[in-house]
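Next, two complexes with chain A in common: one pairs it with chain B, the other with chain C.
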Partner chain A sequence: MSSLMMQRNEHKSLRNRALRLRQGVPNVVSLVVMSVGSVPLLLMYVWMVVVSFGDGGLVPRHFTFQNWSFLWSGLSGVGRANLNIWRLLANSLAIAVGEAVLQVGGALFAGYVISRGRFPGRKVLLQSTLLTHAFPAITGLIAAFYILNAVGLINTLAGVILLKGFGGMPMATWIIKGFFDDVPRELEWASKIDSGSRLKTFFHVFLPLVWPGVMAISLFAFLSGWGEYVMISVFIFDDRVNTISVIVRNLYSDEAARGFGVVMAVSTFYMIPCLILYFFAQKSLLKMKI
Partner chain B sequence: MLAPFMFNQYVIFIATAALVILISFTGMDSAFRWNFRGLLNFRKALNDPALGMVAVNTVVFTVCTMLIKMAWGFVIALTTTLYMRSQRAGVFFRMIWLLPRISPTVVEAMLWTWVFSSSEYGVLNSVMHLLYGWEPVPWLTQYPLLLNILLAGIMGSSFTMVVLSSAIQSINKSYFYVAKVDGASEMAIIKDLVIPFLKWPLTFLVIWQGLSMLTSYETILLLTDGGPMYRSETWALHAFHKAFSTLDFGYGSAISVLLLPVIAVVVVFSYRMFGFNKLMGGGK
Partner chain C sequence: MRIRLQNLCKNYDSTAPAVRGLNLEIKDGELVTILGPSGCGKSTTLLMVAGILEITGGEVYFDDALMNYVAPKERNIGMVFQNAALYPNMTVLDNITYPLKNLKNPKVPRQEQVERATSVARLVELEDLMKRKPSQLSGGQQQRVAIARALVKKPGLLLLDEPLSSLDAKLRMSMREEIRRLQQELHITTIMVTHDQAEAMSMSDMIAVLRDGVLQQYGTPDALYRHPDNWFVASFLGMPSMNSVDCTWARPGASLKVLEGGWTIPLPGSVRLREDRIREGQKLILGFRPHESVVSSRSVAAPEGAIGGRVTVVEFTGRDKLLNIECGRQMLKSYVAVDFPVAEREEVWCGVSSFGCIFDAESGENLVR
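On to the complex of A and B.
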């Protein structure tokens, strides 16, 4: 009798275990699939850094700063004058910061007015963002070349900054408008009653509440300017106003025969601001749906 | 306060669109002279021997890249938000897949070039030599379109992941408990619960990623530059090459303008179907 009970219990616990195991299957499968899929990607980035400190070859034998010598003695390459990396850095930074300031400034005020103002043509203005968003970059690029040439901004950083800053403005405006829409009307009224001017209301009531949105659009404007390659390669012919992206591009065609050490070092250097933002602004990164 | 934005929407944008359409009717080159020649550029496009292959490449590239982006992005979102018991692990894997989103395109293309480089320093060639003693293979010239699809598809799946993860996370958890109690299989849960909830985000992604793949050229320009012999050249890249390599702005504009009707149809159709707010991703 008791042995029968025990048998039954055993059977039950076995079944429970099997059930739990089966429920655990998706978890295990997910972990395996994601590990197999993600490790190569992660390794690519890690190995970029490893190779940059190596002495050539896929598995470095010695640790060396040789590939990083461009930091103090400049970059010399095939058919190119010695380039000062700090000047390239300053140019990249100018484009990224310039784009962010222009874009966020324009978008912030426009988003506020479109969200809170009532004026004729508001709807048309808002919906025009759809057209500008869908317009292909390549089609705009040719006209942009003509316009820059006509106004004398070809081969200047300012030209690229203006194009990038305005180019991303529609989407940034649309996003920040969504944040303004969420600010409760009561707060706005309260501030008005407390005799705040419109501008004061904007800075004291709205700005703190839409700050996460401001962070998000600034981050993306910065990254987009920092990573820009096509416009710079097309609109800028002067080495003195070049950026790191163009140099990385030139380097990796030269470097294939020499073992990729220098291009890995320059790329790692180029990725540092991105990585800083990556580690400190993940929430904003996960928020951006553009 | 509205000035810069209005200037962009009503002056820059309209000027850009008008200019490029006008230029497509001219034989403009680097001297920027307006010598109108009617439909000559468009007739030239009909006779362009490369354009047939370019069109096929564009369709193949768009469809395959989209499939990879959607499928892999969906797998990442599903596994890391729904199936992994440990939330930490889920966040960790999503973090890894955010890396391509913050890297400059040049760095992504550089990494891809390094992996598939034809030289002995290429990762794949080094590994194959080590394991099987293979001689270096020029991967990039042998499989140019395939490697471009992999680059754009895999590195581009972060966007799908971001959108779908947050969509899955916003599904009410009790639906899953009810489904489990009712004994639904995992497949049934995905098919009848998750997918219906993701219907809109998936449609949204297909529309925008489809449009952006159709007109994309930057990653291809950086990886194989359309070569060898146009084997990885897409429509937008062809326009880019014509305009900025041969400096035939008229012809380049004409090719790029031919993309506009396709985009207009997609945009107008989806606008009618879904409305402006949904189509723009509902703001935030």
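On to the complex of A and C.
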């Protein structure tokens, strides 16, 4: 009797250890399920990086920097020209940053007004912003082509930036509106009484509080521009204003001639800015709720 | 600054009006409390005075200037909210200087901003915390920063919207004194909104009791406590609240008959009633405070005008004992001395020693002049 009691009270007794193990079982199960989903995905990226330093086959045999030579000597043999990778990078950046600035600028003010303003048509506006996401974007492609052609923005980065920027604005507005909704009314009132003008209240009181949201929608807009492929391949025909996304696709179809090494090297290069951004924006993204 | 509210009304979209025809006059340097249960329109009133909510009808005057269409920032007011509402991204110093930073003519130089903020911070004993962020402060400290921020502009009117209700009980007591002291020192006209009657009575020069957007009574704490105009005011003020005994007239204007038990309570000759409101067979509520009663043992003969009852609970409060007495279905509370010999379940007589409150049961109005 007393020995049983002793055994129960000891942390390391066999019985207690078994109990503890049993409590851990559900965790193990969920870990296994999650690993089955995520590890192959992660491995694909690792493989990509490995192949980029290999000799061209999907199973690399030697280690080499040969595939990365495009960084200093340009990409040769894609289409007709010898392409400068830095120029492609600049184009991709221009689209991504341009879209982010346009979209965040618009969404920030629109979200503020929709969240805080009371005006006729507010509800309709709110609902219709979501409606724009009900249709696949691809259906508007032909119309967009004609419009860009008419205003002379076809075959330019500006055209794509405008389309992408305004296309994503409704969703960004929705997200940032949620952040504005969370700012207590009293803060706004306090600022009103403390003689802050509307703009001052916006910049000094609201903006610091919705900053995580601004970071989030900026990141989304940037990534959406960075990864854009369809619009660029449809609206831009000039190789000199091409972006990395299109070139990766072209390289891939050329793969037979040169192996996978260069494709994977360019792809890895293409991913680096996203990784850096995610690293810095992680904290803000975690604060987001939709 | 003198404040005058004239026939002030507020309707939120088509629902019942939140404030109906409120008239208030506030003298320079007074602290006036708007008191009422939640949803009675007191905060709405305050926000209209501040200029944050649009006024549906009526006028707000500061001194003799009509304020209805003046923007909040031009009204020269300071306001403190229930949850402090500090700007979370700014330090305490920046929070306090924010109102000064925005002043246009004349502009306040940075040096002077800091000096003024520091001197206000000293008033509320915050000068050691100027570098902190609001999240690093306790609730009481946050509220003091909010008060400093409201005062730094030297406003003509200070508005306090339930400034103490987010604080714990002990802190609330000390902040009551502190706010009152500041208000007196600076001689600043103040309107405070609260649902806590003890807060209102301990701090105010005048109290306005509001119910469903209608002003019930406006007067000094003493007047409201001792001569409430109606049953609502009487029952809202005082803790424990006023006892009520359902009665009717035994002889109109001269003696009461308790509905349950049939005891007769003669009124002293000194009680002056509003004769014109007295009707035969009128239903009445006799009100008296727990300390306005005399309890005696059932072993002696009934004193004149006493009600018979049974003690259910004896609460020891420290200074005295509070008896809960059951008289039929009515519960009465009565204070007795600590050494008064009484046990639970004992039968007692409960006599009323003060007749300031005899209400008409239907209209609720006080029949005592």
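Following the convention adopted for this analysis, the second predicted complex is superposed on the first by the 245 of 290 C-alpha atoms of A that agree within 3 Å, B and C clash if a C-alpha of one lies under 4 Å from a C-alpha of the other, contacts with A are read in each partner's own complex, and residues count from 1 in each chain.
The rule we apply is simple: contacts are C-beta pairs under 8 Å (C-beta built on N, C-alpha and C of every residue); 3 or more make two chains touch, one makes a residue touch a chain.
For clarity, every value in this text was computed on a predicted model and none was experimentally measured.
Participant: Using the touch criterion from the header, give the chain among chain B and chain C with more contacted residues in chain A.
Facilitator: Here the partner covering more residues of chain A is B.
Participant: Identify the partner contact of A:F179: answer first if only chain B is touched, second if only chain C is, both if each is, neither if none is.
Facilitator: first
Participant: Looking at A:Y229, would you say it contacts chain B, chain C, both, or neither? Reply first, second, both or neither.
Facilitator: Touch status of A:Y229: first partner only.
Participant: By the touch definition at the top of the document, which applies to A:K200: first (chain B), second (chain C), both, or neither?
Facilitator: second
Participant: Between chain B and chain C, whom does A:M169 touch in the aligned arrangement: first, second, both, or neither?
Facilitator: first
Participant: Would you check which partner chain A:Y45 touches, where first means chain B only, second means chain C only, and both and neither mean what they say?
Facilitator: Only chain B; A:Y45 stays clear of chain C.
Participant: For a test of understanding, state which residues of chain A touch chain B in their complex under the given definition.
Facilitator: Touching chain B from chain A are residues 24, 26-27, 29-31, 33-34, 37-38, 41-42, 44-45, 47-48, 56-58, 102, 105-107, 109-110, 112-114, 125-147, 149-150, 166, 169-170, 173-175, 177-179, 181-182, 213, 223, 226-227, 229-230, 234, 245, 248-249, 252, 256-260, 263-264, 267, 270-271, 274-275, 277-278, 282, 285-290.
Participant: Spell out the residues on chain B that touch chain A in their complex, using ranges where they run on.
Facilitator: 1-2, 4-10, 12-13, 15-17, 19-20, 23, 32, 72, 75-76, 78-80, 83-85, 89, 93-107, 109-111, 113-115, 117-119, 121-123, 126-127, 154, 159, 162-163, 165-166, 186, 211, 214-215, 217-218, 221-222, 236, 239-240, 243-244, 249, 252-253, 256-257, 259-260, 263, 266-267, 271, 276, 279-284
Participant: Could you please specify the touching residues of chain C with respect to chain A in the complex?
Facilitator: Going by the criterion above, the answer is residues 47, 50-52, 71-75, 77-79, 81-83, 85, 87-90, 98-99, 102-104, 149, 153.
Participant: Can you list the chain A residues touching chain C in their complex?
Facilitator: The touching residues are 184, 186-187, 189-197, 200, 204-205, 208-209.
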